[in-house]
């Protein structure tokens, strides 16, 4: 259960969606459900192909746009996209040390408010290796997940998809494939799985 | 989705399970899945009949036992029961102002640890009107739910089941049927439903 | 006790002050004290008449102004208004999912700092149905009130005043009169009243 | 305003009530209201005389009793005392590093639940120098006060009353008169007073 | 800097000290400082030999004793031990899902209060794989570390020491050597090290 | 131990660095280590001379610049400065009621991320009297320190340095020398020192 029919993933930067929930995307894509995936960048297409995503659409917000566009315009873009796709599950970035993640988190939460019938029933925040864990405990929110997806059978696909973002990954050793695999192993150990991806629940309505 | 096949509800006192999640029990029971419900008291049978529970089993821990029994013995009883039933979802009381709720919460969390294959995949804490909201903000944990079950179509059954506990309910005006209905209306307004029951997610593993 | 002589209510949008503390305004107005009420909009006049407010003044900050005006200018306007009125109690919006509420909360907290003799002795934050409860638990602040005003005898006036904002209220079913009444009933059940309005204490100096 | 007619102060050990709220007791006693003060020990009589308390009553729970008595019996004693006095304000210890403070806090919160008409309308937790500030941030609750009583004119009485507990005070340099005065100065600087005592609001019902 | 001269590690169960801070023990032992290590069990001797601990002493509190002994007696034992050794650094277990960890945490915090000149200047809480991460977010304290020890060069020793506890480790796959290594890799990625152990700061006095 | 070789202090306004950590600066300066101190204003030179700072450098960001400059430019300036100095310890302002403190806190945390070998190993947030304690408990982060520097022998120097900022200090009675001394006395009482300065740990890597 909890396998969505239409999934939307909001990723402020190329690679965020694969780092944070590549295994989950691959597992849900493999479930045979019709899936519409979304991210901010077409560069994700290569990664999506590896992850098995059959259908995808893109929001096209550039990183610079995130910070320079008025809040109302950004909110409108994301809100329109979510209404157009009509997902039952949305995965969005945890509001961490990267200011873009905070801005996009805010815009997504506004767009996902349960104010119309098509609002997504499940909204989850994913962790982005390194940035998420640079929030200051006791001052800023800590990523303490209560929702886990067993991605044991999808780690190979996730790592292959990460390779599509070679430049970003190699520029940031704190988000190496090795560190990413270690995090998945640790998240798995929290709930009896081999490997897992972890999420903070924003809202689930059954 | 998220409709469990086997549900276990742990209730320290008669009426806790109906106050906290009577509508949810009724809705899941109506889903046609095979359901094994559990509570600490046989007095719940009348309420369960109204809620539509087909099969039920009881743990039989008396309220006085909760406080007087050594922790290890209490943990062992609850752990044994959960392993015997093998539920995919467990609903347990939020650790609030009633010390019995705290003791049972602790024992349930230990019993639900993901240390064996049959551990429940979904563990949620329900609110118990009045007691849950007497925790002191800033000192004790606050019930801030992120999981909601739409119980609009099951409020009549819930209220009828509450009537089975007439003595307890009338002794405590802060948990009247009227207050209980108001809480459900408020929880519904948080997520676009007519009426809802709210839960704090302990752990969901997909 | 705790009945203010001069009350200031800061409301970013028409209806916020009635939704959040209409019953409290009516009760304090009925106490016979001289009262100076304040909000951002003259549209509140019809509602204030019903609530029994004898004297009122308005700050006149438009909703669009809230987001577009430099922080220093907004702070200056609110600070000047509060110094001019000299209230002993200020009610301000909880910093919730609506960005205007966050901006106004910040400006009010700065204006209410105890840096001069006329600073208000009691500062409380009110909840705004739906928006306040869309903050994400574990990431954003949760509205966990510790201050309650018994509004049992003033619910009729509050509901009548809400009717003055018919367009806003009907546009947002999550803030219907029915939901608003349910919330008041729930808040009352927390502290032994029939109906109540709830507040988070910012500061009380005796 | 906020001057109580009948005040109950619960103090697990001799000196706690003077350390935590001696200035507040003196100020409220000086207000001319009829006052019934309570603590656990008759040793407080000398201090109470200095603070100006006209009438007092004592609960007589010994420190060893706090830890050894069953919870139900302790709760019953405190509940009975509060019902007998019928205070409109109760001051109780913050649940800090001293286990007795935690046990008494729990018992007081249960006794102060708003379940009957005579329940106290204002319930506040006071800080006990040193112990309160040895709770571990991020793990245990932090004393972050939002309620302040200006005790500038009562510091002399407080310090004189502290001298009645010479043995306890001199045994613990971290709670010296000098440190106690510094804390009052710091609390005063938070809200524009010369000296103040600080409290965490448990519940205020107006 | 921050290399202690005398280190005390409090471990409720055999293997806790190696799981939580085996690399840190090995690194500090290798620094050439005189070191006095402490744990509750002589079984730790084999592990300590591998970790390079030159001198050690043991407190000898059995696991059953932790839960059955009166609080005052347990506190006295730990307090006496710490005063006898006089460490400048104490590592103690985070108060997590294992009730023994909570009891020992409480006793250690009391023993480490800065009430005498020989009190330890640095007090840190370590994480114990699996148990620490079964605390419920939003209800129980979350382990959010701000202190990291680079253990890259000591992982081989740590893993060898873990092998001394083969029975415990194999009984709990959630605390396998593989999971333990993954956690160290993840903690390293948080602060630019290859591998690290993480701690929550209780108190550091310089 | 924990005495830095190169210390950087970031102060949004003249006097912040002396109010928050003047004693610490004086103590570290007296340790004989080579020290490079930094603040935003040359006005600090007189204070630094009294505190015994041998070498200093200044970042030169004006207060108005803090709010008007794009985030990326401010981050770049602070990042460049920290890389140029290469400190092993950075002291930065707690993100409190003053918006400049929040902006500078954010910029400093980004600049101190452990993404390169020269990143500072110890990062601490200091409290600024009055502003830090005007954050609203339960809504905004509370300053709950776990790191203390014994400044007993350096209070005279600190107070002399504060006198260099006579205009600012006298304009704000809530940050008088008397209040500042009381805070230091209180912080000392928390950890067995005569006087102390307190810090929130952002990150320590050993």
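In order of appearance the chains are A, B, C, D, E and F, and numbering begins at 1 in each one.
In the analysis below, a residue touches a chain if its C-beta (ideal position, glycine included) is under 8 Å from a C-beta of that chain, and two chains touch if they have at least 3 such contacts.
Computed from a predicted model, the values in this text were never measured in an experiment.
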{"item": "Same-residue or different-residue interface between chain B and chain D, half as cut-off", "value": "different"}
{"item": "Selected from D-F, D-E or A-B, interface repeating B-C by over half of its contact pairs", "value": "D-F"}
{"item": "Interchain centroid distance [CA atoms averaged], chain A/chain F, Å", "value": "37"}
{"item": "Separation of mean Cα positions, chain F and chain E [Å, integer]", "value": "32"}
{"item": "Distance between chain centroids, defined by C-alpha means - chain A, chain D (Å)", "value": "50"}
{"item": "Two or more partner chains touched - positions in chain A", "value": "114-115, 134, 136-138, 144, 146, 174, 190, 192, 200, 202-203"}
{"item": "Contact graph of the chains (line, ring, star, complete, other)", "value": "complete"}
{"item": "Of chain F, residues touching chain A in the complex", "value": "71-72, 94-95, 106, 109-110, 113-115, 125, 141, 144, 200, 202-203"}
{"item": "Touching residues (chain side chain C, partner chain E) in the complex", "value": "137-138"}
{"item": "Chain C to chain B touching residues, read off their complex", "value": "129-130, 133-134, 136-138, 142, 144-146, 173-176, 178-179, 181-183, 185-186, 188-190, 192"}
{"item": "Of all residues in chain B, those that touch chain D in their complex", "value": "67, 97, 99, 134, 136, 138-140, 172, 174"}
{"item": "Chain D-facing residues of chain C, complex", "value": "1-3, 114-117, 119, 146-150, 190-193, 196, 201-206"}
